[in-house]
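The following blocks contain the structures, represented as structure tokens.
There are two complexes below, and they share subunit A, which is joined by subunit B in the first and by subunit C in the second.
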Partner chain A sequence: MTLYDQLPALVVAVLLFTAPIAYMLRMHGFPWAAATAAVVTSFIVACSLAATAIGGETIIYEMGGWPAPYGIVLHIDALSALMAMLITGASSAALIFGAKSLADEVGEETAPAFFAAWLLCTAGLVGMVITGDAFNIFVFMEISSLSTYVLISAGPDRRALISTYRYIVMGTVGATFYLIGVGFLYMVTGTLNTADLGARVGQVEDIRLVLVAAGFVSVGLAVKAAVFPLHSWMPNAYTFAPNAVTVFIAAASTKVSLYVLIRVDYAIFQNSIANHEVQLTLFLVPLGVMALFAGSLLAIYEKNLKRLLAYSSVSQIGYIALGIAMTSVAGLTGAIVHMFNHGLIKGGMFMAVACLALRYRTVNVANLAGAGKAMPWTMAAFVMGGLGLIGVPLTPGFISKWYLVLAALEKGWLGALLVAVILISSLLAVIYVWKVIEVAYFREPRANAVPVTEEAPMVMLIPTWIVVLTGIWFALDTSVSVGLASIAAKTLLGVAL
Partner chain B sequence: MMTIVFSLFLLTMLVIVAVAILRTENLFTAVMLSGIFSLIMAANFFVLDAADVALTEAVIGAGISTVLFLGALALTAEYDRSPPVGTWVPLLTSSALGGVIIFATFQAPRLGDPSAIVHQHVAPWYLEKTPELIDVPNVVTAVLASFRGYDTLGEVFVVFTACIGVMALLGRVRPRRDSIKEGEFKKATDNLRHHLIPRVVGKMLVPFIVLFGLYVQFHGDFGPGGGFQAGALVAAGVILYSLVEGGVRGRELVPEWFSSVLVALGAFTYTSVGVASMLMGGRFLDYSVLAHDPVHGQHLGILVIEAGVGMTVAGVMITIFHAFSRRGIR
Partner chain C sequence: MAVLGLYNYFVFAVLLMIGLYCLLARTNIIKSIIGLSMFQSAVFLLYISMDKVDGGTAPIIQEGVENQIFANPLPQVLILTAIVVGISTTALALAVAVRIREAYGTIEEDKIQEMDRKQ
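Right, the complex of A and B next:
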């Protein structure tokens, strides 16, 4: 076998191989360096997989050499490749960006465990998106969840522990629901391979167990994806995690649960349950619409900048849920592109927030007065991200909203209503982004405040701007992001490419 | 017939114990009852002919979890003092959830029905092909270690991650000195030294437990067992030694640095087998390429990865136990 044939396994194997090494070798600076090297390698491999997948090709890699459905296979198509690129890219960017801030926040003694957890988290998330096995998804979900708890609890504030505890409870409920659903599916089909499940679920005579399984899987994944109103674990988890960790998990982690939701619903249930479109619409459209409004409103009234962005994520996840619920090529393309684009936007914004936090020692919006003058580059990056959240043309957010609006217009009067909802929530996004801009640019710092005169260090600014510019790149040249997403959408819906 | 009566008895006991756990406010009682719960569960698995699972449940659920719970209890308090919250909504939610599951299981195939779909698809293939492809009598081992070896690799990393998590919590946060009472755990760890009978009997048991662990480790291909159970058994032996001889002596026997390195080393061993099979021209975790003969390669691969599993599991249990016992004494 050539190296090229081994790439699908390498994308996750390199991370799993490095994690124990990073944990065992307790040299100064080594864990960070090893983690960064492994994650960047994995990112390069993911990019080369995407290059194959963009031709519409699906790569099957048999783990242990055993064919499906007896063994576990990796199943990498356009959707998997796009997600793998997002996860490893976000992980690399956050690690490089956080080189200094993580060293301060984590400390020498706990660094090996922390960076091993970081590697495991990346491996868990990548493992979930490349596998073609429903139970294997659960195994890697466990790895990613447990390691995310470790990463969040490393936050400097003691409240990080309470937030982690809440997340553990909710995350475990979500994962257990998923497992119960997969158990029922195994009971009626005798297989765990996703493709095989898709073929065999349709042959089940009595659909009752399948329906219950679909319910458990969907609700469990909605909890893990922080779909409103199951988002309660998420804002505080983002707020109290170390800044670089927030960048990574905000960009990648909830998206992976949405990915699994798409994969399971479309690859397994779509063809086998009659009227599955209606069920999906009834489940996700109300939740999506509620998420758009509730998330935006909570963001408008929020004083802590990190939590504000977290609530904004709740509303942005609403867009993705709407796109998934439309069961059309345009809707699904919009949802998938928005997963990718929102990852880029939010990653960049949380990087800017980390820069602000470094100099201002606080992330309260009210205390950031004068940041526009003191830290022009950082605030410019933040504004670029904000424009993306609103969906202004020439930002990545515009592309995904464009596809969502196109998809909604296909749906008649309900679609017109959804377009109105999307527009109103974009206006709400203007309000919460403006709230920050107004304070940062137009308000004078308080007289008794310690003046901030220094811009963030270059080691943080450059990665931030690379992410921001990548976002603009994907807004101008959509051949990769929309290209992969539309192939993915067509494959999932069984439309000819 | 006997099986049905026995199952009914076990399941009834299970419900009674579960309700008792919910109702008690004494956490010590709850911990003990949950140990009993696990033991009944293990018996249940055994009745269902799942000997591997039963062994794991008995060692981990009834044995080691109970000790770890007690350790956690020693660091906090004995009584549940959380104020009663509105119990109606959770009760309704759980009842509805239980109702849905019961509703679904009416459609489930009868227990042990050979014509059930689960027994018709991949299972016959495993039974038929295992002697030819892997040649080990215990098909469960063949499925876990080879056919679905990638899942097992994932599980080992779950255990590794859990260890990192517990150590991050217990190793880092320094509590105020007065916040820890001289808990029961201190008694459990150190004062057993002054109880002659448990000490003598316990010490006599340790070598046998460890020996049985090694037997389960290397006999996993032939009978119930394997790395998970063996690791837990060896750890149980070390923990028993620490309990009767005191935490300090326990940490002299297996130093903390050693047990925590063991966790990573086990995961590393497992992944290395995968990488080695890649380097030798096979796919990740394809043990067939490890030796000239594919079946020998499978044997070799399974032997090494089971050793990795055992190292990680034993390491995790001992590390977590030490972390608790050290904090209980401080």
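Right, the complex of A and C next:
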């Protein structure tokens, strides 16, 4: 037993153990430092797990030495490793970026509790992607949700509270639906281990309860993932949360619910329910197409920049839903890569927005006139992100849309229709990104507005640009992101590597 | 008999729907939280019901007693965890309700919406 064997457990344990420590550190700056140290450590561990997983290897770690299916196992394959890397990476970047803005927005007094909640949130999200137990997913889901509510309610505006309350209601209903579904699965199979469930659900003779379970689980997770039209909690939660929190949850939290949706639908139901791919397609394709249009249109008419980006997330989640619904290697690869790439793009864009908010004291698009001259680096980062949302070549968004279009072309005339939908919604993205660019670059600031002459501080600009450049790097060298995603897609669909 | 045997599950479904209705129909935040709590309690009942084995007793091994039939302890353990989650959620929601009351002076959602629109 070396430390190396314990890495799968460490990726969560470091975060869980640091949370109470961060809470007890009552000195200025210490809770932040402890949280950052723990999250960065976890990120390094996640990267080393990804290095193992990229060889197509699956790590099974038995908690407490109890073998599956009796004990809880951690199950780390290419998909889990990619997601763990995204979550811990987003969390580290948001914390380092947010050193200054969080100190402004979160009071000295509440800082220890806030950073403890941040650590628990990261731990919950990482736990959801690495565990191999359906009930354990629920427990980690609730750990992350409860702490996300705390993080959002820390927002400076009082509307943060009512947004938190709405999120609590929707999030709890979603998680409870998932719990009901898992309960039904346990009733018919007597197991909770995901691998074991996948094998046993197929032997169930009366399929009705399994179908009901699949319905509950899918709808519950769709709520948590903000799949249109179940997204109503999300725009306000993103808008009123502290800026660094928005960076983190926009990059990671909805993606994790989509991950669970993929895991449950492909690992458990795909092989055991007849015509499951038809049901999945009929469930997710309409929702995905609606999300593409509704999200983009709402973004076009939105005046608040943070909410605009939140609506854009609704439409981007639509792409991921479409990819999941295609039930092909290319489609699933596209969906998984887009979860990763969209996390990078949106994280970078919300960072740029946080820089703007610091100087302009507002995130209304109309008030940002002249930002292109006053804050050239910040706006350049924003434009890079915007190009990624549209899917211009040499940006990460292009890679994932490429795979989605390839997957759609395999589907005949219906696929051709989907390609058209994807292209039209990319054009809609041009409109809402252009709306911001036009105001920032081509409009003179109002005469009575307080002039902003200063660029954002280096402590915020450098992390922003690191994220933007990482995005470009993943657009040029896709061996890690697409590599892991295609291994994951092939494993889930049972195709030889 | 078959229908009566499923008594618990009917109560589960009815309780779940009452909770959901209460959650959606009420604009008072505290009443909604009560609905949320009932919604979660219904699931506790589902899990507790499924662990019952005919003639089964508490799963404790006693000396000298053999061929004992036990109720399935796993759902009990699971739902213990879920109950803790439910309590935490209710507590957090109530804490948020207190802060909403401090910030807005009301816990009626429609009034809060009106105040936000004016802002």
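Quick note on the criterion: the second predicted complex is superposed on the first by the 497 of 497 C-alpha atoms of A that agree within 3 Å, B and C clash if a C-alpha of one lies under 4 Å from a C-alpha of the other, contacts with A are read in each partner's own complex, and residues count from 1 in each chain.
Heads up, the rule we're going with is that a contact is a pair of C-beta atoms (placed from the backbone, for glycine too) under 8 Å apart; a residue touches a chain by one contact, two chains touch by 3 or more.
Every value quoted in this text rests on a predicted model; they were computed, and no experiment measured them.
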Let me test your reading of the model: by the given contact rule, A:180 touches which partner, first (subunit B), second (subunit C), both or neither?
both
Does the superposition put A:206 against subunit B (first), subunit C (second), both, or neither?
first
Could you figure out whether subunit B or subunit C reaches more residues of subunit A?
B
Return first, second, both or neither, reflecting whether A:189 touches subunit B, subunit C, both chains, or no partner chain.
first
Just to be sure I read the superposition right, which of the two partners does A:494 touch: subunit B = first, subunit C = second, or both, or neither?
neither
Let me test your reading of the model: by the given contact rule, A:172 touches which partner, first (subunit B), second (subunit C), both or neither?
second
Could you look at A:150 and tell me whether it touches subunit B, subunit C, both or neither (first, second, both, neither)?
both
If you stack the two complexes on chain A, which partner ends up touching A:135: first (subunit B), second (subunit C), both, or neither?
both
Dual-contact residues of subunit A, meaning touching subunit B and subunit C, are 135, 139, 142, 146, 149-150, 153, 161, 180, 186-187
In the complex, subunit C residues that touch subunit A
16, 20, 23, 29, 32, 36, 39-40, 43, 46-47, 50, 75, 78, 81-82, 85, 88-89, 92-93, 96-97, 99-100, 103-104, 109, 112, 116, 119
Looking at the complex, which residues from subunit A come into contact with subunit B?
1, 6, 9, 13, 16-17, 19-21, 23-24, 61-66, 69-72, 110, 113-114, 116-117, 120, 123, 127, 133, 135-136, 139-140, 142-143, 146-147, 149-150, 153-154, 161, 180, 184, 186-191, 200, 206, 208-209, 212-213, 215
Spell out the residues on subunit B that touch subunit A in their complex, using ranges where they run on.
100-101, 103-104, 106-109, 117-123, 125-126, 129, 146-151, 153-155, 157-158, 160-162, 164-165, 167-169, 171-173, 261, 264-265, 267-268, 271-272, 274-275, 278, 281-288
Using the touch definition from the top, list the residues of subunit A that touch subunit C in their complex.
135, 138-139, 142, 146, 149-150, 153, 158-159, 161-162, 164-165, 168-169, 172-173, 176, 179-180, 183, 186-187
